[in-house]
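Once you scroll down, you'll see the structures, which are given as C-alpha cells.
In the two complexes that follow, chain A is the common piece, with chain B as its partner first and chain C second.
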Partner chain A sequence: MFRALIPLALAAALSLAGWIGWGALRSPNATPIVGFSAPFVFGRFAVPTDNPLTEEAFLLGRRLFYDPILSGANQTACATCHFQRLAFTDGQARSPSLSGGELPFSAMSLTNLMWGQERFFWNGRAETLEQQAVMPIVHPDEMAQAMDELIEELRGSRTYRKMFRASYGEISADNVGKALATFMRLLISADSKYDSYLRGDTRLTAEEEYGRKLFMAHPDTKVSLRGGNCIDCHSQFLTSGFRGELDGFSNNGLDPEETLPDGLMEVTGNPAHRGFFKVPTLRNIAVTAPYMHDGRFQTLEEVMQHYNNGIAVSDTLSPLILEADNAYGRAEDIVGLRLSENEMDAIIAFLHTLTDETFLTNQRFADPFKGER
Partner chain B sequence: MQMSRALAGAAVVLALLFGGWFTLRSDPDNTLTITFQARSGRDTLVFDEFVYANPGGDGEYRLRDFRFYLSNVHLIGDSKTFAEPDSYHLIRFDNSDRAHSLKFAGLPLRSVEKVRFMLGLDAEANSSIEFRGDLDPNSQMAWNWEVGYKFLVFEGGLLSDGEVVPLVYHVGFTENSRMLEFSIPEGLVLQDDAELRFDVDVAKLFDGQTIIDMAATQSVKFDREDAKMLADNYANMIEVAF
Partner chain C sequence: MENYSALISVVLAAALAVSAGATQAQEREESQAMVLLRGLPTLGTKHSIAIVELDPESEQFGEILSELEQPDTVHPLHHLYYGPTGRLYSTGLDPACSLAEIGLARDDSGAPSVTGISCIDTQGQMVGEDIMWANSNGTEYMFVTFMAGTGGDDGGSVGVFDAQTNEVVKVIEARKSEVAEGAPFIMYPHGISAFEDRMVVSSTIHPDLATGVGNTVTIIDLNTLEPIQNITVENEKPLDFPSSPVEVLFARPSMHPDIEPAIMVNTMLGFETWTIPYNAETKTFGTAEVVYSGAKNGTAVPLEFYGNEDEMFISHGLPGVVKRYDLAKLPELVSTGPDIVADPGAHHMIFYTSASGRDLIAVQNNLLNLGNAADEDPTDIDFIASLNAHTISVHDLETGERLATLNFRERYNKGVDNVEALFGSGFVHHH
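Our next item is the complex of A and B:
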C-alpha cells in the first residue's frame, strides 16, 4: 500500500518543484526600489501597477537607453539625442532625421517625469511613458528599428538575457518599453539651489528672489502688482506644466493664426487645442537651449523678449497671456508683459537657480558602457 | 449548579457580542452621488463659442475654462451629520457631459435632508501646501503659496465690434469662500443608486447682485473689492435640480 504511494509522492514532489522553479523563472524576484526620494512639494505621482520601480528594471533601462542596438542600423541610441550633461536634451533646435533634414520637434528634457503632465511628447501623443519609450525606436526618421528584429538581437546577447530574466522574465517589446520607462521615471532632479531654498537651507540673492516673486505673479495693474506670469503655465515647485487632464498644454503665442501648427489638436481633434504644446519643466532650463518645441530661441534672453513684446495673436492664444500686461493702457501693436530690462534679468537669474549639478553629473544616470569599453 | 451558572454567563457574553454585532451591522453603509451640471441659464454649458450675451453691455462672450473648488461637504439626515474627511474637490466641466460627480460611499446615514458645502476653501486649507483631496499647490488653481488658491476660474473672450478681448476672472482670498446649505424637501432616501443633482449656472456669475459689463471689467484677480463682487454673485449660482 505504502509502496504504491511512493511514486505518487515523488511525482507530486517533482511537479511541485517544477512549478516553483518555473514560477521563479517566469516571475523574477526583482528588488523593489523603495529608497528613492523626492521633495514633498513635488506632490503625488503614480507608477503603473504592472511596472513597479525595481533596481533590475532601472539598470536594464539604463543600458537600453545608452545602447545603439536599439536602432535599425545599430548607430543611434536614445542617448544620441538626450545627453545627461544637457539635462537629457541634445543642444540642437531640432534633432537630425535619419532620412536627412531635421525632425519637426526639439528633443525634450527627461526630468521629473513622474510629476507634471501624464502625456508625453510636445503634442501629447503618448499616454504613458511605456508607450512613449518605444515610439522613437520604431519611427523611420528616428531609430528606424523593426521591433521583432530588436527582440532577436537582444535575445542574442547573454547580458540582455540575464538582465531581462532578472527584471521582467522575458525579452519582449513591452518589457523594452517598461525598462526604459523605469529608467526615465528615476531621472529625478531635486537638488538645485531652488530646492535648497525650498528646504530652507539656502537664501536666494536679492536678484534671484526678485525674479522668483515675478515668476510667481500674474500682473495686475489695478493693485500695482508686477509679474512675469510664468506660474500661469509652470507650476510653482515643479516648474513643469500642470498634471490634471489637458491643463499642461498651452498656446504661448509663438505663431499667428495663418501659420499656427496643429499641436495638441493633432491628438484630440479639438480645434480649441490648435497650437497647444506641452509646457515643459524649467528644471535645468539654463542648460537646455535652444528653446521652445522647435528650438527657435537660442537664449533665455530671447525667450523673455518673446513673452515681453513678441506674442503672436491667434484664436487659441491663452487669454492669460493676452491679458497679462505690466503697463497701463493697451499698446497699439505690442502684445506682451512689458517688463523692464531689470525685471527680465531677475527672472533669468531665478531660472538659473533651477540648475541641478548633482543631477547633471550623477553617475547613476551615466552611460554604463563607459566602464566596459 | 456551577455548570449552569457558567453556561448562563457564557450566554450573556454571547448575547452581548451578538447585540453589539447587530448594532454595528445596523449602521447603514449607503452610497450617494452628487452631480453638478454646468449650465448657462437653463441650457447645458457650451465652451469655445461666442454664444452668450455680455449681461451688462455689448458683445458676446465664450468660455474656454470654468472650474471651482468646493470643500467641507456635510450631509445631514437621521438627526446625524456626516462630515467628509479631507473634503476638497475641484469641480471641472471639460468633459462631454459638462457635469462633475462626487461619490460618497460607506455613509452612516439612511437619508439626506440637508447638504452643506463651501464654495472656495477654508482659511486653513487656503494657507497650506499640503496635498489633501484635490488640493495641489502645483496645479493651475494655485496662485502661489503666499497668496493661496484661486477658488473659481473663468477664462474666455469677449467679441465686440469684431474684436476679441481676453476675459480672466480669478477669484480667491479666504474672505470669498461662501458656505451654502440646501434643504432636500421630503429628504432623499439612500438606496440603490441615490443621486442628488445640482445646476451650476455660469451666467449668474455676471448677472446677480451685481450685473457686470465684461467690456468694462475684463479681468478680476487681486483687487479685493472686485473679487468680493464676483463672490457675492457666485454664492447664488448653484441650485438643487429637480
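Our next item is the complex of A and C:
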C-alpha cells in the first residue's frame, strides 16, 4: 500500500514542481519607476500594496489608455475623452454618449491623482483608482465593453501577453484596472510657473502674486482682509480638494434647491450630500474649459462671475461659500465674493500660472501607438 | 485533489504576501517628525538631520526613517522652520553654515526623505537662531536673527532675505558701542515675532556664553527696517546675571480674536515671563510687567512659546515642564491644567495625533545639547549639562500623561537639538 503511494507522491511532487517552475517563468519581472519624483509639498500619498508603481505597469497602462481595444466596438479609448493637450479633458461640456446624447458629466482632468480625494468621478462613485479605471470600460454609454471579451482580445495580442506577463503575470480584469490606475497615478503635473515659484526659481508678476494672495485668503471685513476664498476648497499646493474623508466634496452654489442634482448623495444616500461634487484640481485649469461638473461655464471669467455674484442658495450650500463676502453689509439679492474686476483678473492671472507645458507635452504620457503606426 | 488545491492556495497566498510586502504604502505621516541631531564628541557621532517616527502606537516608534549627515562643520544646525511656500530652512551654529535650506523629497511609495543641505550666503552673519516671514511695505521677506551677527563683543543682527532667492536684502545692525547714548540697539538677537508693522527681537546672550548677556528686547519698524526702541525686561536676578530674554511672541488678534496685542517674553536667566502691552492705534508700547515668576514657582529657564487652536504652551527647562494656558486670555497667563512633566531641558514641541486618533504632544528635552563632563566631554558646561536629557518625551495632550520616551543619546549616541513636525502637522502659533 505504502509502495503504491510512492509513484503517486512523486508524480504529484513533479507536477507541483513543474507548476511552480512554469509560474516562475511567467511571473512578473516589474522594475521600479525610473527617476520618480514628486514635490514634497504635495504631501503624503498611498499606493496600494498590491499595485506598486512599476515601470512595466506604467507602460502597459499607457498602452491600454490609448487603445480602442478597450471598447466594445474597438473605436473608443480612454484617450478619446481625455486629451493630454487639454490636461486629459476633452474640451466639451459633456462627452458624447454611445447611445446618443451626452454623458451626465464633463470629462475630469487626470492630474495628480495620487493626492487629494480618495474617491473618483464628480460624484465620488469610485473608491479606488483601480475601480474607477474599469467603470467607463463596461459602462454601456461610454465604452460598452464586456470584460470577458476584452480579456480574450487582449490574450490574442502577443504584445499584451508580453506586457501583462512582465507587469502583473496574467491578463485579467483586475490587472487591466491596475495598469490603467498606475498610468493615471503617474500623470504628475509639477512643473508649472507656480511650481517654479514654490521652488524659489521664479517670481510671479505683481498681478499673479496679488491673485495668489487672494486665492489663499478667506475674506474677513473685520480685519479688512480681502480674499477669493479659493483656498477653502482648493488646497494650497495641489489646488485640489482636501483628502480627508468627504472633505473634498462640496456644493459650490451652482443650482438652487429646486433643481439641485443628487451629486454625492447618489453614492452615500445622505441628503446632506445633495448637490455635492468633487472639488477638482485647478492644475492646468486654463486649458480644461468648459468648467464645472456639467461644463456650464465656458471661461474662467464666467467661473469668477459665478463666485462673485451668482451663488445659488440651497440647503447644502457650503457655509464657507455662503459667508465669503468682501463687501461690508449683506446684500439682499447677491450671494458672492463681491470682488472688484481687478481682483478677479488677478485671480485668473494666478490660475494661468498653474499651466504646466511640460506635463501637457511630455512624451512619456503621449500616445504610444503614434510611433508604431 | 483537495490537497493539491489547498497547496495552490497556500502558494498563491505566499506570493500575494510577498507582493504586498514589496511596497510600503505611505499610510500616514502625521506622527513623523524632523529632528536635528548633534553628534556628541566623545561618542564619535556626526551631526545630522533626520525623520523619526514618534507615534507610541507604532512598532516603528523611535526609528529613524531617513537621515542625512551634515557636511563637515564643527557646530550643528540649530532650528528648523517651514516657509510659507513649504520650503524648509534651518538656522545653524557654525559660522560656515549659519542658515541653510533643507531638501526634502518622496520616493515612489510616498515616504519622505531628506535629500540635501544647502548653506545660504548670510554675508558674514553668524550663529543663526530664529526665522520668521513678515511683510515690509507689502513685500514678504524672510527675517533671521543671528546671535553673533557679524562678530564682536556686542554683535548681533537681523538678516532680511529675499523670500524667493534667499539673497540678503539687508543686514539690520545697531551695535550698542556704535549708536548714540540711549539710541536703540540690537545685541545677541534670538527670539523674533511681529504684528502689523512692528517686529520684536530679543537680546539674549553672546554665543560664547561668557562675553555678555542681554536684558532688553528691540522693536524694529518694518516700514524702515530700522530699530526704534529698546524695552528692558529684567526684575529678579536669581542667578545674578542679566535676564537674557530668549523667545518672544507678539500675541495678536489673528491668533485669537479675543487677544489684545502684546509682546510676551521669556527670560532665560531671569526665569520670568513678561508682557508688554501694545496700542496698535498709537503704535506705542506700555509698561513691561512680569506675568510669571519662575523663582516664585520653582521653575527656571523658560524657553519656547507654542500654541494650538485654543491653548498656549510654554516650556521651562528646569525642572523640565510645559505649562499650558488659555490662548484666548493672552497676554494674561490663565492656566488650563496641570503641567506636562517632560525632562530637564524641556524646549521645543510638536502637536500631532496617534494612529488611533489620540491627540499628542512631543517635547524635545535639551537646552543646547552640549556634552557631559562625566564623559570627559570638552563642551560640558555644568549649568547646561543638567538641562540635557537628550530625550523626546511623548504625552497625551489632554491629560499630560507620558506615553513614551525616546532617548537619542542611549539609542543613537546623539543629542537632539530641535524637533519640528513633518510638513502638514504641528503647531499653529510659534512667533
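Heads up, the rule we're going with is that the second predicted complex is superposed on the first by the 349 of 373 C-alpha atoms of A that agree within 3 Å, B and C clash if a C-alpha of one lies under 4 Å from a C-alpha of the other, contacts with A are read in each partner's own complex, and residues count from 1 in each chain.
One rule holds in what follows: a contact is a pair of C-beta atoms (placed from the backbone, for glycine too) under 8 Å apart; a residue touches a chain by one contact, two chains touch by 3 or more.
Keep in mind it's a predicted model, so treat the numbers as computed, not measured.
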Exercise for review: Using the overlay on chain A, decide if chain B and chain C clash or can fit next to each other.
Suggested key: clash
Check your understanding: First (chain B), second (chain C), both or neither: which does A:T361 touch?
Key -> neither
Review point. Thinking of the overlay built on chain A, is A:T205 touched by chain B (first), by chain C (second), by both, or by neither?
Key: neither
Practice item. Would you sort A:Y197 into first (chain B), second (chain C), both or neither based on which partner it touches? Key: second
Review point. Thinking of the overlay built on chain A, is A:E245 touched by chain B (first), by chain C (second), by both, or by neither?
Key: first
**Study point:** First, second, both or neither for A:F237, with chain B first and chain C second
**Key:** both
Check your understanding: Once the shared chain is lined up, is A:R44 touching chain B (first), chain C (second), both, or neither of them?
Key -> both
Practice item. Applying the touch criterion given at the start, work out whether A:L320 contacts chain B, chain C, both or neither, answering first, second, both or neither. Key: first
Check your understanding: After lining up the shared chain so the two structures overlap, which partner does A:V223 touch, if you call chain B first and chain C second: first, second, both or neither?
Key -> both
Exercise for review: Kindly classify A:P52 by the partners it touches after superposition: chain B alone (first), chain C alone (second), both, or neither?
Suggested key: second
Check your understanding: For chain B, which of the listed stretches 8-16, 116-124 or 206-214 runs into chain C?
Key -> 116-124
**Study point:** Interface residues of chain A shared between complexes with chain B and chain C
**Key:** 41-44, 223, 236-237
Check your understanding: What part of chain A is in contact with chain C in the complex they form?
Key -> 12, 15-16, 19-20, 32-33, 36-38, 40-50, 52-53, 114, 197-200, 202-203, 223, 236-237
Point to revise | Complex interface listing, chain C residues touching chain A | key: 4, 7-8, 11, 16, 19-29, 85-87, 104-110, 112, 164-166, 253-254, 423-424
Check your understanding: Of all residues in chain A, which touch chain B in the complex?
Key -> 41-44, 115-116, 216-218, 220, 222-223, 225, 231-232, 235-238, 240, 242-247, 271-272, 315, 319-320, 322-323
**Study point:** Residues on chain B engaged by chain A in the complex (per definition of touch)
**Key:** 47-48, 64, 90, 92, 94, 129, 131, 136-140, 142-146, 155-157, 164, 166-168, 170, 218-219, 221-223, 226
